[in-house]
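What follows are several structures.
Okay, so chain A shows up in both of these, paired with chain B first and chain C after.
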Partner chain A sequence: MPGLTFERRLMFSYCVDPDTLGTFRWFSCYLTTGVHWSFYLSFLKVLLLLAVTAPVALSFGFAGAMAARSHFPPLSWLGKGYIAIVRGVPDIAFFLFFVIALDQGFEWIRHKVLCPDWSEPIRQGNDFLVCQSAKLPLGTAPEWVHETYGFILAVITFSIVFGAFAANVLFGGMRAVPHAQLETAEAYGMTRRETFWRILVPQMWVYALPGLSNLWMVLIKATPLLFLLGIEDIVYWARELGGTKTSRFTEYPHGDWRMWYFLFLLIFYLGMTRVSEIGLEKLMRRLSHGQATSGGELLRKETTA
Partner chain B sequence: MSCLQTIQDYGLRSIGIGERLLPKTDFTLCEHFTLIGSGMIWNIYFGIMAMITGFFLATALAVGKASPNKWLRKPSQWFIFLFRGSPLFIQFFFAYFFFLSLKKTYPMFDALTSAWLGALIVLFLNTSAYSGEIFYGALRSIPKGDIEAADAYGMTGWARFRRITWPTMLRLAWPAYTNEAIFVFQSTTLVFFSAFPAWQQRGDALYYASYFADKTFNPFVPYPILAFYFILLTLVIVWSFGMVNKRLNRHLPAERKAKMRFRLNLAR
Partner chain C sequence: MKNLILTTAALALTAGMAMADTVRMGTEGAYPPYNFINDAGEVDGFERELGDELCKRAGLECEWVKNDWDSIIPNLVSGNYDTIIAGMSITDERDEVIDFTQNYVPPAASAFAAASDGADLSGGVVAAQTATIQAGYVAESGATLVEFATPEETIAAVRSGEADAVFADKDYLVPIVEESGGELVFVGDDVPLGGGVGMGVRESDGELRGKFDEAITSMKADGTLNEMLKKWFGEGTATYGTDGSVVTN
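What follows is the complex of A and B.
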């Protein structure tokens, strides 16, 4: 039982003997046990995942969209293939696939570099065998290295999948910029590169933003899938903590409370959604400023009227 | 063992017909294809049932959200926000544990904790909310002239809704609704990865794909096969929804017909 090994940190002095407490005090003790702090910490994990994944996925998407626009056919196929592959296949399948595939890929590369004189095949029947020193993380590594490695794999996986989504949105945004703008740039003698960076990129965001904000919402709602990647995230802890506890293993025995824990997660996500909605609305207003769109026109009328 | 034999043994494994034990070692490509394909039965069952039942609630929600009456509008708004604002994965978990405690108090709710009903209810409510929002958007963009023309003909109330508003709403919403259908089918893969148990290893396509990946430690065979099945399913959805789209637009002159554009329109 992990609950037993946890160090007993008492938040309040009256928590020494929980059996004697009234309901309110009992809960104030129960909700501040060591395992509960791990639960609260896992919320930070979710926020960290969002904070890291969003910019990385956006840059993956930008690279993908640029590749898809390229005039060099193999590069353009690569970009379009990257965008198309996520279409039609459930994203959860990608998550499950990439986590194993990336792990094996890294180990395979390290195996090739670190143990060049290894002669046995790597795939033996149902096993994937690399030499000891190529193992990731090393068998001797402490626990936190394992956890961090798992988390990094998860971040890369999320970034690849959401990068493809973002590439699709940005590609659409680039095509939505009025063609006359690009022609004007050409008429002024700008090169293709200059047109792209100075005219296209600054203007594409307002067209891409509805898609990107949708993507952000989807990313928020995809974070519980961390659980499937073997991370001890909020879903993991909600299941652990909510399960029936008898007085043999804990000082806070209770029945099956998983329903309440998941209700709490539900409310957490609804709150995240609401906050994002308000924030994105503000951003959209800002980006629409001075743009030749109906939103921009509306803003102009508001200020002149 | 020939491939035909494998298909006979495992073709309907996911609904409990055929061999009881899953293959344990020496997996053939045929076994991969058969079992994962067998699991697709569940994905198709969940998808179709949720879409059909969800369609009606979605229409009601859209009309409710567009209603001037506060008592109709507010509940619809909240319902849509609740199901669109939270992850489906968490909804599955919550619903399962909710049904579980319901079952403890009232044994007659026993069926709710099994995937075929419990997960279906969640999917039904979820897709209703998403489709409801799509329909609501379409409802608001119905050309003013259409409604005015209906008024001029003396149509009101139910007759106007059934003959003018509703068909136009469907026509406008159809491309987005097609995307929603694709997403519903894809999210059916979450069912057995949330709390709902796969009783006697009767799972969906992803359940069997991850079974193979766990056993062989090789993701490069089962997941591409799963992807193949899902791309096939997506093509079928796009084709059949395209037929409906053609029918919905049949009265329009050729150049005004809404082109079906299947751009990735992320719904969840």
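What follows is the complex of A and C.
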């Protein structure tokens, strides 16, 4: 049997010869192979991506919305341009080309700073060439550094894309706050800055939350785009592990099991959406508290009745 | 003090050499027996064994990287890895964008596999992997081409009846047809395609290409490449003579 020359780390001692095992034991070995651990690890990767991307995208969105409603025209154009351009470009195009461009951009800057004496052109035909020390990560870096770098690029890309949508939602949320509230603040002698931070921002969330919760749901489902960025996510592994395996290349041959793996992913995604719905519902209740909206009014009646 | 300076200089020098010598090998990991992911989750297959041996002979330190087939060339020219060693046939179209070493697998036959003998290969629906020479061949043959991102999906399309046949490297199809229990059979004649399988490198990377070329030549000359070919593709596979010429067995 070629291909089975690698050193095996077995979860259970009886996994030495899987062909002879009963169904239950066979599966206990099959589901604990090295590739399956990579599969389980990819779930953590996806959760980590969500946990990091959501706040970063929200801050991008907040900055974008603030810029868009600025009274200083160039800043306002910048904010509105960001929202319009990123929302208009198809995600898949963004994920395919932007990441390579971003990576090359970083390397180009490092190249200019670190290798000022370099005389050869950076672009030679199709090739993009920077000096060795400008490579990001360095060619000598271990594989996990490369993977972490890829992950960071993914977070930046996801944040820029979802930040643009969030900016639009927050921009709408800011405009939905009743104007009378702002005028009252002004009448009390607050500056524009104070009105913004003390009156507008605390009240806008309740208007923005339905839109933001939509974005969160879309973000959860957009994580398979990670594979376009070279990160092995849960969908990649489900496809890889579920595919037909012949006995020449594995000790655990099986037919096309992709359906079962994707069914498992379906359950995972449904579970994620359910948990998110419950969390967002709670958040909405909290934000509505004391607000001059129908939701806030409902809460007031509940507590006084 | 002088000693210290010397040591530092030596250190800096060796560090610089180590930096230049790490070669990142890009592969797909989904195309057995060329390359696949084994039960332990590592890159395995003919090209893993070959690549490790080539690096040893060329005195290079190599690291394996997985990349999706669709973006395997853009990521090479962008410098994310230094070679493509992924069962890639040498074709004129690809040669315009990247360079190839000499082939390390002789020009091999591609074959059709179908659910029954009577599959219509010239007018029916034929599945092939996107951006492969097989896809190009089917597109010109008059049959309706359906493309899939991975080899696995091309087989699944035949099993599900979505395609009448799949057209792929015969080496890839053999183990699948053998283990299908008669569900899949080879139909039609084998078609020789492409200029063999070679290693892809950036056009500006002539030095690296030279090193690998030299290592491949030495493996052809002492017969080790033939042993690997027979081990992974079976006794009947085409091999090389000591002068590098192709021998069909």
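Methods note: the second predicted complex is superposed on the first by the 296 of 305 C-alpha atoms of A that agree within 3 Å, B and C clash if a C-alpha of one lies under 4 Å from a C-alpha of the other, contacts with A are read in each partner's own complex, and residues count from 1 in each chain.
Please note the rule applied: a residue touches a chain if its C-beta (ideal position, glycine included) is under 8 Å from a C-beta of that chain, and two chains touch if they have at least 3 such contacts.
Note that the structure is predicted; figures quoted are calculated from it, not measured.
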| item | value |
| --- | --- |
| Combined model on chain A where chain B meets chain C, clash or fit | clash |
| First, second, both or neither for A:D256, with chain B first and chain C second | both |
| Touching partner for A:F106 - first (chain B), second (chain C), both, neither | neither |
| Which superposed partner A:N214 touches (first chain B, second chain C, both, neither) | first |
| First, second, both or neither for A:L228, with chain B first and chain C second | both |
| First (chain B), second (chain C), both or neither touched by A:L96 | both |
| Which of chain B and chain C A:F128 touches, first, second, both or neither | both |
| Touched partner set for A:R274, first chain B, second chain C, both or neither | first |
| Chain B versus chain C as contact partner of A:L138, first or second or both or neither | second |
| Partner chain(s) touched by A:W26 [first = chain B, second = chain C, both, neither] | neither |
| Chain B and chain C footprints on chain A, overlapping residues | 96, 100, 104, 126-128, 227-228, 239, 256, 258 |
| Partner chain A, residues of chain B touching it in the complex | 25, 81-82, 84-91, 93-94, 97-98, 100-101, 104, 182, 186-187, 189-190, 193, 206, 209-210, 213, 215-220, 223, 226-227, 230-231, 234-235, 263-264, 266-268 |
| Residue ranges of chain A in contact with chain B within the complex | 83, 86-93, 96-97, 100-101, 104, 123, 126-128, 165, 168-169, 172, 211, 214-215, 218, 220-225, 227-228, 235, 238-239, 242, 256, 258-259, 262-263, 265-266, 269-270, 273-274 |
| For the chain A and chain C complex, residues of the former touching the latter | 2-4, 6-9, 33-35, 37-38, 96, 100, 103-104, 107, 124-130, 132-133, 135, 138-140, 143, 146, 227-228, 230, 232, 239-240, 243-244, 246-253, 256, 258 |
| Chain A-touching residues of chain C, taken from the complex the two chains share | 18-20, 22, 24, 29-30, 32-33, 36-42, 44-45, 63, 65-68, 71, 74-75, 77-80, 82, 97-98, 150, 152, 155-156, 159, 175-176, 178-179, 202-205, 231-232 |
